[in-house]
Structures are given as C-alpha cells and as structure tokens.
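Encoded as structure tokens, the structure appears first; notes follow it.
The chains carry the letters A, B, C and D, assigned in the order they are written, with residues numbered from 1 in each.
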Amino acid sequence: MIKVGIVGGTGYTGVELLRLLAVHPSVELAVITSRGERGKAVSELFPNLRGHVDLAFSEPDEQALKQCDAVFFATPNGTAMQMAPTLLESGVRIIDLAADFRLRNSEDWQRWYGMPHACPALLGDAVYGLPEVNRASIRTARLVANPGCYPTAVQLGFMPLLEQAVVDSRHLIADAKSGVSGAGRKAEVATLLCEAGDNFKAYAVPGHRHWPEIRQGLAAIAGHPVGLTFVPHLTPMIRGIHATLYGVLLNGDSDLQTLFEQRYADEPFVDVLPAGSHPETRSVRSANTCRLAVHRPQGGDTVVVLAVIDNLVKGAAGQAVQNMNLMFDLAETTGLQTIALLP
Amino acid sequence: MIKVGIVGGTGYTGVELLRLLAVHPSVELAVITSRGERGKAVSELFPNLRGHVDLAFSEPDEQALKQCDAVFFATPNGTAMQMAPTLLESGVRIIDLAADFRLRNSEDWQRWYGMPHACPALLGDAVYGLPEVNRASIRTARLVANPGCYPTAVQLGFMPLLEQAVVDSRHLIADAKSGVSGAGRKAEVATLLCEAGDNFKAYAVPGHRHWPEIRQGLAAIAGHPVGLTFVPHLTPMIRGIHATLYGVLLNGDSDLQTLFEQRYADEPFVDVLPAGSHPETRSVRSANTCRLAVHRPQGGDTVVVLAVIDNLVKGAAGQAVQNMNLMFDLAETTGLQTIALLP
Amino acid sequence: MIKVGIVGGTGYTGVELLRLLAVHPSVELAVITSRGERGKAVSELFPNLRGHVDLAFSEPDEQALKQCDAVFFATPNGTAMQMAPTLLESGVRIIDLAADFRLRNSEDWQRWYGMPHACPALLGDAVYGLPEVNRASIRTARLVANPGCYPTAVQLGFMPLLEQAVVDSRHLIADAKSGVSGAGRKAEVATLLCEAGDNFKAYAVPGHRHWPEIRQGLAAIAGHPVGLTFVPHLTPMIRGIHATLYGVLLNGDSDLQTLFEQRYADEPFVDVLPAGSHPETRSVRSANTCRLAVHRPQGGDTVVVLAVIDNLVKGAAGQAVQNMNLMFDLAETTGLQTIALLP
Amino acid sequence: MIKVGIVGGTGYTGVELLRLLAVHPSVELAVITSRGERGKAVSELFPNLRGHVDLAFSEPDEQALKQCDAVFFATPNGTAMQMAPTLLESGVRIIDLAADFRLRNSEDWQRWYGMPHACPALLGDAVYGLPEVNRASIRTARLVANPGCYPTAVQLGFMPLLEQAVVDSRHLIADAKSGVSGAGRKAEVATLLCEAGDNFKAYAVPGHRHWPEIRQGLAAIAGHPVGLTFVPHLTPMIRGIHATLYGVLLNGDSDLQTLFEQRYADEPFVDVLPAGSHPETRSVRSANTCRLAVHRPQGGDTVVVLAVIDNLVKGAAGQAVQNMNLMFDLAETTGLQTIALLP
C-alpha cells in the first residue's frame, strides 16, 4: 500500500482527491492537513465522504508527512515550494496540483505569480505531469508538477497538429470555457451562484497564468516557440472544460481524423470521437478522460479541435492519481475507471 | 456471473443501470433492448459509456431475454406487465423499475395508471423492493417492484415515526422536491432547460401517482391506514430528491434522534445525520445513499424530517441493483460503493 | 419629483431599487451611499445600469440624506435603526428594507437579531409595509418596515384563510423555497455556484429570523396567536420564492377558490390563478406580483396554498416602491408595471 | 397607434414580442395567430402576461392581418415567405424574425434551408434589419428581414475592424456561445434541462445556417468577400449570446478602443465598454443593448472582440421593435428602455 498524505485538502481538488483515493486499491490515506479546519472530520466538511473517509484534518506537520510515500499538494500557489525540498530529502515523492513547479523558468514564475520562487533549483528536477507527453519521465520522477486544467485540454488538443507540423504555429487560438469549480472553493462575489449563474463572460483576456504554461508546453511539443492567443471564459456549470482550438493548416491534404486517432490509439485516457462529433463536457463528468473531435469546417484551411475534460479530474485530481500510478509502477488506470455521470 | 438483460434502456434509469452494472463485479451485461434505437451502439446514445459498454440496442426478443438470469425493466409503465409472465415461467427473475407491480390492488392501478392491469394475479407475488422494509422477502422474490423515487425518500423518512407510533398518522405531510431527471428523457416542453431552469413550481397537487404508492407503504409500516398530503415540486437541478416531512407528535418525550439512529444503525444505505443537520441532495449525487435528519423546531409538537436521495440511484437504478444483490445472494453493497460526486 | 436617497446600495436589493427607481416617472435619484464603494460609479459595479444611472456611491452623509424626501435603507440589519431618528426628525420619510423595524417587540428583536435595538421607541411608529394588510396606515406613515421576502409570500398565502377562520391556526405549516439571491451579494462559500448549484437543501430548520415576523403578522391577521412551523429551503435558481402552505380545514364546506378571488379582487399586485393551477416563480420574475393558487387535494380536509413572488421585487425592492407610492400619494402601481421576464 | 399583428406567437420570440409590445406606447396589439393554440388565451400559455395581454390566439386569417399596419412573423423558417406577398400588396409592412428574407441569393437560401424560396423576387426588396448598418433603408422598407441572433452579435463586433480594414479578412474567427433559448420552445431531447444543463458543447461545426448570413453581412461591410470560421456552442443558461471574435491585425498602430468608441458613439443600443473590460451576458438580459469590449492580448497582432446581446431581445424581438420604430418614424428607442435584469 502507498501511504499517502494530502496537504491542504479543503478545496475542490482536495475533496476530489479524497473521492478517488478513498477507493483506490493500493492507497492508504494517512494524513490530510488544513490549518484552518484542523480537528474537524473531513466528512463534516464534505458530507459525501461520510462512511468512506474517517480522517480528520490536522495541522501541517512535517514529521507526519515525511512518513508518507507520496504527498499531494492541493494548496494555493506558493505553498508546495516551501515544503518540497525537505520532503524530497526524506524520500517522499511529491505531486503538486498547484502551479509551483509548472514553469521551468523562475523569472517567468515570478512575473506571473507575483512572488519569487522559493526553490528555483528544483524547477529543473520537476517533471511536468502530462502523461501523454512525459510518461517515461513521470515514472521516475520525485517531483511532479501536475498540469493546470486549461493547459491539459489545450495541449492534448493541439498536440497531434504540432507534432506533425501541419498547422501554422504562429497564430494558434485557444478559446476555452470552464465551469465555475475551476475558481476553487473560495468565498468570492464573482463566483456566487447569483453572479456566475445564468451568465457567460470571458475573463483575463489581457493575460491568464495558464498562458505561459500552455505556451511552454506547446513549444516543447512543436520544438520551437509558438504564437498563442488564449481566451478563458466562465460558463454557468460546476465542472468541465471545453477548449475550442483554431489553427490554419499548412497543407490541405492532411487526414486529420486519422492523425488524431493514431496519435492517441494507445492512450487510456484520451478518446478521439468519430468524425463529425461534438464532445460534451458531461460525457467526462467525474471521469479522467479527455474526449476530442477534429473538424475542418467547409473543407477550408482552418482546423477546429474540440476538447473536453472534467477540470477537477483529468484537469486536476484524476491526472494527479494517474501520475501517482505511474510513479509507483501501478497500472496507469488503477482507481480511475469511473464511468462519467450522465445526466 | 449473473447474466443480465435490460428492457428499454434509452432513458435516464437505463443509462444509470448501465453505469452501475458495467462495473459490477458479478454481472455480465447480455442484452439491452430498445425498439426505437435498435442497432445503435449504446455508447453512441450515451457517450459517457464509450470504452465501458460495447453492447448495441436490440429489438426486444423474448428468446434472448429468457437466457438471462435477471431482467431489469426500465420501460414506461405498462410494458413489464406484458412480458413478465412468460419470463417468470422461464425462471428469469425480474426487477421492474416502472410502476407495474407497485400497487397491490389492480383497481387502484387502473385508476391511477389509466389502463387495466395485464396480470393482476402476479400482484400478489411481487415484492415491493424497499430493502429497509422487505429485505427477507426480496431475497427470495422472483419479481421485485422497484419503488418510485418519491416513495423511497418519503417512506424512509416517516418509517421510524410510524413504526413507533409517535406521530399522528392522520395528517402526515410530505412536501417533496425533485430534480428534473425524475421526468425522464422525453421530448417535452415542460422540462426544457428554458422552462424548468431558473424556475420552481409545484405540480400534480390534485393527485400524483406516487401518492397511492406512498400511502400503501406507510399503511403497511404503520399497520393501519394513514392520512397523507403529498405535494411534489420541480426544482431546477438534474438529480436529487429532497423530501421535507411533517407530522404532529403524539408524545413530547420521544428522543427522535436516537429513534432514527437505532432504526437505521445496520442499514448500509441509510445515513442518519447528527442532530441539527440539513442534508443536501448533492451529498448523495450518484450514490445509493439516503441521508436523513430529524428536527423538532423550537421544541414544539411538530416533527420535521429531511430526507435526500439521488432519484436515479437510491430512487431507481441503484436500488434496483441493491435488490438484485439480495436476490442473488451477493453482499448487498456490491457495486454500489460509489462516493457521491461533490461538487 | 420625489427626491430619493438610498443607503447601502451595493447589494441585490440595492441594484433592484435602482433598476426600478431609475425609470420611475416621479422619482429623482439624489444620493446613494456605500462606505466600501465610495467614489465608484454605480454603473461600474452594476453594468446593467450603464446609460441609465449616472450616480456614484458616496460616503453616508446625514446632511445629504436630510435633503431627500424619501430614504430607502438597503443595508444590513442594524444600520437603519442608527440613522432613522435623525432623518425622521428632519422630515424625511423612511422605508427600511432590512429587519430593523419589523418586529414590534424590542426583546424579540434582540433575541433574533443578536443586538439591542437602538430606538425601541420608534417600533410603535413603524408601519409594517404589507399594503394588502396595512394600506391605509402606510399612506400616512413616516417610517415603513418593508416586509421580508418569505413573510410576504407566506402572509399573502394564509391571509384569506385566517381572516375567515376556516383553518386550524394551531398547526400551520409553511414550506418555503428561495432562490439564492435571498442570501444577498456577500462573499460566502455556501452560496457559491459550486455549492448551491445543482443542489437542494433546507436550512435554519431550528429557527429562522422570518419565523417571528411571520407569526406576528399572521397573529395580527387572525386576531390571536397562531402555531407555525416554517422550513426555508435553498433552491438552485437566482430569483424567486415559492411558499407551499398547509393547514387543516375547520369546515369542509368552504369555497376556497372564491374566498381567495374575492379577498384579492381589488389588489393590483396579487393574482389568484384559476382553480387547479400551479404558479411558477418565473411567472413573476422581475415583476411586483404575487401569484397564488389554492388546492384541496383529493377533497380532503387539508388546504394547500401555493404562492410565488420575486424575492427581490414583491419580496423587497418592488414592495418598497409600492410603499413609497402610497406614502407620496401616487398611483400605487406607478413604475411597477413591468411584465415578468419569461423565459 | 400602430395596429400590430403577430403570426406564430407561441415561441420564445413570440412571448418576447408580446412583453415588449404590450407596453409600447404607440402600439395596439390587434391579432396574434397560432394554428396549434387557437382559442387559447395568450396569458394561459404565458402566465407572465396575465393582466397585461387580453388577446387569444387565433387561426391565421389573411383578412385580419391585412387590417394591420405592421405584421411580425415569429414563425418557423418558410412561413413568412408564403404570406408576405399578399400582405405587402395590401400595404402591410412586414418584419420577419425568421430567416426567409435574410439571404439575398435564393440558391443560397435553398441550400441552407432545404426548400426552394417561395418568392425570390422579394429578396431584392427586403432590407436586412441591422439598424447600425442599414438605418436609412429600414426607415422606408416595406419588408424587413430581422437578423439572426448570432449574426447580430458577430457583425456588430467585427464591423469597426472591417470598415476600417485593420484586420486580415481572410481568417476571421467567431467563437460564439448561446443560451438555450436560441433553440426555441420546441419539445426536443437535446434542449431538456437534463441534457443541456451543467453541460457545454459546440454544435454544427461543419456548417450552421448563420454562417452564410454572417459572411454576407461582413462582406457587405468590408466591401469584398471574407473568410470566416464560425463555431457556435450551447451554454447552460437561458438567455444570452457571447461572441468571442478573433482577427489578425494588419497594422500594429491602430487605436482599437477609439475606433470602436467612435464607430458607436451615436448608437443608442451599442455600448462600448472601457478598455480592459469583459462584458457579461447578464448585463444585457432583457435589454436591447449590445455591449462590446476590444482587446489586444499581450500587445500582439491578434485582436479579440467580446460582444454580448440578449438573443431574444437585440438578437430577435427587441431588434424587431427597433426596426418597427424606424419604419414608423418613431423615436428609435421607444418602448426599448428596459434596464437589464441583474442578478
């Protein structure tokens, strides 16, 4: 059994990790920390866990965490980088669901996250936890930077096009729509039901933190820098990301459907839909799957890719468990076979 | 392995049965029928099942169904009673998720469902599939009438009060609220998002088909007829039933919290919350659990019980699987350990 | 023109007052205050008001408010009672949308609102602003306590039954459901879209502040104390209250439909639906109307009344404007003829 | 008073026309037709109209319609073109909210709408009713083709860029999101609350009927053909369209904010937000306003325009009334001053 600790489990990625890990056959949940809720039973905060999780939140305690085989950070940005060095030295393997280790360049990190990085030396060791790109490195990683939700959907959607260089990489457009849970379980006016419900808006058009992360990932895939316009939107639903991706084709002859099907033929969590399909976010609700469709409207020179994930699963907790499975040499799909909840 | 057939799997209880049965360790899905969708892959209609269910819908075929150990009817009312006699004769065990076998009196059935009953003689054989009441009979039943969604929540909520006769049974009130999936996957104006969304209303106040079913169940529990006012409401969400139950206490001294906790101490799917709690429908979303709380506002003589279920799980497909587990001598919770999806 | 001031206009009742008053033909909006948003244009906070309201929020300033003919308080509980005495002395007429002057007994107020009342002497002067009960007194009032949202719906629903004493007043039940805007525009976890969306729950069953207000009102209508169980619920929509009211009839011969129709025949904002109807909350969305239906299920001895209002209009800002119209001798419907927005 | 008839008033554009026209100071509602609902009071179908509209639906009757000054068609595509010639001959002025007269080329119409056009000769007479483009022609038009909802938002968003030729018109992208009311009040599975709620998807990516309409309009604005990729999405809300528009700038020096502000300075129903803004659909809910914002993320060469409208108002019934006002020489804003409903 893998002894697992969770730091900061009071948000939506926290409860989602608990939902997945509580029934994972190879995991023993050892400790879950929260400064604000210490002493409270986890199932008091999240009544869906009654009867499934007996733990109570505890004060973050380095000694307890050092006893773990794996520690997940489901904390705000800037926390994991404080605790990671010590835990790594003790042999604990870390999966950070926040952004602390996603950008390889510490100056970029400081610019976008507004604070200096606490352990820039570790940035080189961290493996970006997108298994469809970095599977081999993840298996041996000590420290995995779990990708952001938007970056997961956008990278999986553009990947076959960039790998095969069939698209003009200077003007990529990612128009992405997220359910409100992407904003987390924080008391804020903007995400009240009465503000975000029955409403649709773009946000952060001048610049969103996932933009440098996506650009870095796409550049790595393409082998050279790419031009990307990224516009995120808030859509009045709880879970789900829908990325609509646009690019100009360099060559009118590509068989895009085959390209996508071949690229993802062996991927357990990427599902390329038949030609002409439109994936729905609910078709992946609660599941670790990314569903994709590729279109070329009116046979023109513009390719449109549609990608959906559950932002809390393939976009966060599920992908983190997938990474853990790889790191601990388990079957990659262990504990992640949930069928999406529809309706 | 239990060889299972599903008749009429194109509605919401159908897809929910598939979600549960596809990962049930003791079930082999053998056949699923739909006249309207015959030939179509199940996963084409319900893309959440892609990669999990390989079946296609087939024309209802008695011979194929007779090969099954168990057949679930997820059909409109009036279908199961046409096919049940032949299947039962062949030794197939039947779980009907529709209303055909819920009322013991065929005249009542005709009055509320607007057609004569096709096999009134079977009404006496059918066991009402509420395990918390009829567990022993279900184990040996050939034909189980799976309870309605409202009746499940209302009966579980009133049961301890009526068994112990602590409440005036002449004026029971059940104010129940349902998510829209209770209306099924039918093309109707009233359940369009633009009609049912951001809106709340009561319906069927003059009389709802679940009223006689609930009255029959409560009378059986109480040992005598009861007076019941039942008002169902449509609430703008997908899944969930919340029943708010009212009764006048006969005796001010009852320890209601203990009464409920003791009654359900050994029930795997009924969870009595701590005193002062308010169960939320989302705390059981996708789970087979009924969560209950009992209140006595301002210490007065009125008891208020709050009961929540997922109408498609404990109120339909999940309870049907629970019944199947009992009928086939499996552990009652097999395949039903899903943790509710929150948020 | 009536010169109007609004104290505390940053919440939902504030923006709703602005929506109504900005197009009211006899009103000049003079001042709107907010300590937290002072200096900010109102239309920056509420972009729906762009082009309609040019005011900016200002620091609360007694001198400016004293220049007004009428001042609306759209503040948290406990603010109006601090400022009312001085303003009243200056001849300003006050409509308080908070609870400060709703309860006639200052001890009750302190028990339910957790602070001593600042000007108990004014409680006797305040008129409870339910025009269907107190129209004459409102016309001459200096200080109107605008009713709560639940109390408006519940009182209008029970009123004909209690006035005519056709119902057992010892065991009245009000099962009420509110949209989330009833909780206000405050940053709180419980009313996030991800918490309150696709979810249904009761709350405050042990005791809600509207319970004493409703009981006081119903007792005044009945002429004697009444027994009331009040259970509020949160429903996943933005606006709207649906009250489902239950009582045991004392006399089986009452023609309830006629009773309701006659009682409200001359009321411009109460609409009794035809027998057998089920009012929907959206049928009053944005309108100042209360729609009612009365039922007697299965001809039994229990009466069921269904009442819907828009909690922000007839349950708050609209009723406040209705009161202002009465106080300033305008036609009662002035500025309140909006047709409900459906869908 | 303008005597007005409505053909086919049982859909969402119908009830929205009634909401607007019932309080329009210069309109007398004379007749409203519906084959399916003839004889039924309009307010029975749409209870929000109780007390405001006394009409009943009548069988379509050419004689009655000929008595009108103006007739609105709120019918399915293909109906108005059958009745228009006769009514026009009688001197009735027509505003068609369907698509019958939107495309200037009858072959295009047949290709996209799947039926031959009944009166291609009238296509040349019809004026495309986008007042911001065709105001002068609308004033004298006998027959106005009211624009589609998506085309209104997309054209208003691209217009300043194309008029000034600051953008590469070969690769325009319109990523548009619509509330579900855009699909109309038809009984269909796809728009049930349980299908479209808590879900997001693209649709009609291979080709949507609004694509030729938008291309025709943009080409007219630009003075030459344009290349357009148009991807519509269904978002789980009732009303609202959000168009996110992308183009590559030809010249890095354009002051886009000023360009937009100047273009729309005199437009009563187009509101250009301050630089850096993100318009929300709810800020125009129930209002005839289009709100726009223009961005240039990271100062790059891609322009992003955000445009929101209420699809039933500026995208349908409101724009139709705006056109009527122009045709009958009324102030353009008459009856259209409603403030958007927020929250």
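Note that in this section a residue touches a chain if its C-beta (ideal position, glycine included) is under 8 Å from a C-beta of that chain, and two chains touch if they have at least 3 such contacts.
Quick caveat, the model's predicted, so the values are computed rather than measured.
Chemist: Does A-C or A-D have more contacting C-beta pairs?
Modeler: Top pair by contacting C-beta pairs is A-D.
Chemist: Taking each chain's centre as the mean of its C-alpha atoms, which one ends up farthest from the centre of chain B?
Modeler: D
Chemist: Just how far, in Å, is the C-alpha centre of chain B from the one of chain A?
Modeler: The separation of the two C-alpha centroids amounts to 36 Å.
Chemist: Could you state the distance in Å from the CA-based centre of chain A to that of chain C?
Modeler: 45
Chemist: Which integer distance in Å separates the CA centroid of chain A from that of chain D?
Modeler: Whole-Å distance between the two chain centres: 39.
Chemist: Can you list the residues of chain C that touch 2 or more other chains?
Modeler: 12, 179, 181, 185, 194-195, 197-198, 236-239, 279-280, 282, 285, 343 - these are the residues of chain C that touch more than one other chain.
Chemist: Considering the complex alone, what residue numbers of chain C touch chain A?
Modeler: Within the complex, chain C contacts chain A at residues 12, 179-181, 185-189, 191-198, 236-238.
Chemist: Hey, which residues of chain A end up touching chain B in the complex?
Modeler: By the definition above, chain A touches chain B via 12, 15, 19, 22-23, 46-52, 181, 185, 197-198, 238-239, 271, 273, 279-280, 282-287, 289, 291, 337-343.
Chemist: For the complex, which residues does chain B have touching chain C?
Modeler: Interface residues on chain B, with respect to chain C: 171, 173, 175, 177, 179, 194-195, 197-203, 205-207, 211, 227, 229-231, 233, 235-240, 242, 244, 246, 248, 276, 278-282, 285, 293, 295, 297-298, 300, 302, 304, 306, 308, 343.
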